[in-house]
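The structure follows.
Residue numbering begins at 1 within each chain, and the chains themselves are lettered A, B, C and D in the order written.
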Amino acid sequence: MNDSVTQPLVLAGRTFSSRLFTGTGKFSSSAQMEATLLATGTELVTVALKRINALDRQDDLLTHLAHPGIQLLPNTSGVRTAREAVFAAQMAREALETNWLKLEIHPDPKYLLPDPIETLEAAEELVELGFVVLPYVHADPVLCKRLEDVGVAAVMPLGAPIGTNKGLRTLDFLEIIIEQSRVPVVVDAGLGAPSHAAAAMELGADAVLINTALAISGDPVRMAIGFRLAVEAGRLAYEARLAQPSSHAQASSPLTAFLNE
Amino acid sequence: MNDSVTQPLVLAGRTFSSRLFTGTGKFSSSAQMEATLLATGTELVTVALKRINALDRQDDLLTHLAHPGIQLLPNTSGVRTAREAVFAAQMAREALETNWLKLEIHPDPKYLLPDPIETLEAAEELVELGFVVLPYVHADPVLCKRLEDVGVAAVMPLGAPIGTNKGLRTLDFLEIIIEQSRVPVVVDAGLGAPSHAAAAMELGADAVLINTALAISGDPVRMAIGFRLAVEAGRLAYEARLAQPSSHAQASSPLTAFLNE
Amino acid sequence: MNDSVTQPLVLAGRTFSSRLFTGTGKFSSSAQMEATLLATGTELVTVALKRINALDRQDDLLTHLAHPGIQLLPNTSGVRTAREAVFAAQMAREALETNWLKLEIHPDPKYLLPDPIETLEAAEELVELGFVVLPYVHADPVLCKRLEDVGVAAVMPLGAPIGTNKGLRTLDFLEIIIEQSRVPVVVDAGLGAPSHAAAAMELGADAVLINTALAISGDPVRMAIGFRLAVEAGRLAYEARLAQPSSHAQASSPLTAFLNE
Amino acid sequence: MNDSVTQPLVLAGRTFSSRLFTGTGKFSSSAQMEATLLATGTELVTVALKRINALDRQDDLLTHLAHPGIQLLPNTSGVRTAREAVFAAQMAREALETNWLKLEIHPDPKYLLPDPIETLEAAEELVELGFVVLPYVHADPVLCKRLEDVGVAAVMPLGAPIGTNKGLRTLDFLEIIIEQSRVPVVVDAGLGAPSHAAAAMELGADAVLINTALAISGDPVRMAIGFRLAVEAGRLAYEARLAQPSSHAQASSPLTAFLNE
């Protein structure tokens, strides 16, 4: 066995060798976006339904995402209620010919935090309608279990508010979610540096989703490689089992005062 | 130019393509140590003088470290004073035929924290004696500048007490050290996970040194690969310039409630 | 005006001069509980309905809580659904002759985290039934706004999981909740030290609720005084406006090298 | 015994009932400084020698500090070497008729971090000259022990760089210093909020020194009261023994689903 290869992720029956999911917002051009996403090695890319011109299949954005290894994950960003989300999901399924859906319902225009009530309600209905539902949620362990109970394919708790690049501010709750979940846990939002992504994977997250930190970096392609390596690093560490922090120091070199011997 | 290649590190006139330095303590066997260090891609390996049998060049430990790309860095672990350190350094130079030296003076057997006074005194003398001195120090910006002034080749501030795996607990001071230093800054001690190593590199550290987290992992070789990737990831992110944390959220997907349009 | 007096808190039309709310669990005796609560100066004390013997008004626990300045706040700890909560609330109102209610719905026996869906549903119904509802919730800003919209008297987001004493782990989200809320924000659960309570108040929380950290301390009465002072300290600092953290140092003493003058 | 009274601090044979030491820099006027310091209840006030007009005993600053319960602690702020420090100390002793001295040697004008080498050298000489020496140092446990060995009356490690208000950034090292020290430990510099001061005291610090956070607050007198209460709160909590953080939640209210009984 190759020591550098990690376990693949199985999500809704599909196998992913990359555990780095990506978004498509904020890039300076579609060409830059395409180059960046290819550099990440991502196999799951979320795209806002709003940005897709459903009438024109030559749509510029979609053209740049048309790669054999990439599964599109339309998202409902912009909707404010379960009802709007269900409607948007159906439009997305028709336009993109996929039943995968990232469910995002955030009524608040300032922090874009998700609504737990509308999200659960929409998730339940969308699962019944045959969607593969990946809901974006606060790092709320009870909500994650309820979503799992209605049949979502994964849960996507946030690490920090979207776009803040603050990292794993919800660490204590992500630990509980990961411990309890029987569906994959994808840490979404707030991860601003490769070290944040590595930390999420070390904690046992099944995948992470990165967007802002790539798109607004000084050099998106190199940053993409950085995130790809960091996700692999974190996953390797998780599988190899990290040493635990200890309060007492332990010498890694022998201590004896050899000069006296 | 290859986007995945980072700038090489030049330290004391020698060029390193790997920014991951390693130690040799606590491994379960010399064979496991060798396999692990090779998996890290390390080009600088520190070894306690105490563990070297100077009279026997077939010494088991050294045999396992005899690889063309690896520079040995003897360390003075176990000494308690500048005087002992200088004596140990001279023994090391003779035994290992290198004038490179990791200067470690820690009188305290419990936390193994370095002594600033003895370290500066020894560094000054060792530089005069022609050594390439890399002192292990507390993350003390003023001490680092003084060591630089007496001619050390790099400074090696600690991230946390040795062997605690706590990560970058000295972050605020490492930032100042990195900002002010004209010699390479190598973060040493306390880094317990790949995410910690990535974070140090993102901060602008020139290299990191890892030992305990590799040696006591459940699977040292896989952990080694994890650290290698994480160091590359952190360096790439540093060179590509990270997005800054922001207190306000910023959507990475468009926000407009498209259903109303 | 007395500089040491802070603004009173008005909650549901009642004025509180103490911003330290308390619980009644885990004390070694009712007498110890009474002495401790009196030492905190608390004016709002929550008590689990389960622990009240409704048929016996000489109930030991209630006797110890019968002080003129103390408002009882029955809680629904132990219920798992909105339906159970509403039933329990009605029992509590009858037994204790108060319509104040701390709404707690936590189906999970390990971490006791609150259920957002059941909590909102129960809150809506209880408000309609004339209760003064203070719901215990995850630090979820969107949920807090929805609870406010249905008419709760305050929101009680958690700082960390109950009983962990970890402090303000939800800081980033409490800031948003406090910024957005038009009802009082009471930080509940997880505060394990006076410094944690002070930090919550400095952030702008209207009050905190403490229980475990008092009850399992080595000396509950002295710890009670500690928390009382810390809550006052944090509130004073909030009202006096804290200096902001800065990344650059600023001397508080003059720097000029006077010896050269 | 009065439960709200904490153990007095004995430092160099003098007993202090207040564990809040203060500085005198950055206040908008001497009158404001006086009112603020009196509100803290402080019994030890440091003043930069540079600001004292030694020839004029009607000096405005000193007049405002002339209170019976206040011990003056001249400091050497502005000096860059041990030699300058010793000279400044002697001037201070003559001018203020006290042999107490806060030893500060910080050559760096940007971050004002202390120099460990010069500080130890000056401390040794000043102790021999009969001074009661309180050195301001980095949170370096080995340096603190060496200073103790040469006879300082207390050590004053920093919490964060002066004037940054960042709080206990050196926590891991302060814990070690407090565990090992046989002289009082006073946390100095960087404490920007009452919660920071409380946290230092909870950790077991013997006292804290506050300046910037008082002087640049929106309302220094009220902030002073806040810090006074927070220091008392933290000390009470330390003496009463805090509950330890736990990774598992523990209910403070009974969990049984009482409705089923």
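Here, a contact is a pair of C-beta atoms (placed from the backbone, for glycine too) under 8 Å apart; a residue touches a chain by one contact, two chains touch by 3 or more.
Quick caveat: nothing in here was measured; it's all calculated off a predicted structure.
Using the contact threshold fixed earlier, the set of chains in contact with both subunit B and subunit D is empty. At the subunit A-subunit C interface, residue numbers used by both copies make up over half of all numbers present, so the two copies contact each other through mostly the same positions. Fitting subunit C to subunit D on C-alpha positions gives a rotation angle of 180 degrees, to the nearest 5.
Centre-to-centre separation between subunit A and subunit C, using Cα means, comes to 34 Å.
If each chain is reduced to the centroid of its CA atoms, subunit B and subunit C end up 46 Å from each other. Residue positions 111, 113, 161, 164, 166 of subunit A are each in touch with at least two other chains. Touching chain pairs in this entry, ordered by label, are A-B, A-C, B-D, C-D. Interface residues of subunit B facing subunit A in the complex, by the touch rule stated above, are 3-4, 23-26, 39, 46, 48-51, 75, 77-80, 84, 87-88, 104, 109-113, 161-167, 192-196, 198-199, 202, 211-213, 215-223, 225-230, 232-237, 239-259. Residues of subunit D that touch subunit B in their complex: 106-108, 111, 113-117, 120, 138, 140-143, 145-146, 160-161, 164, 166, 169-173, 176.
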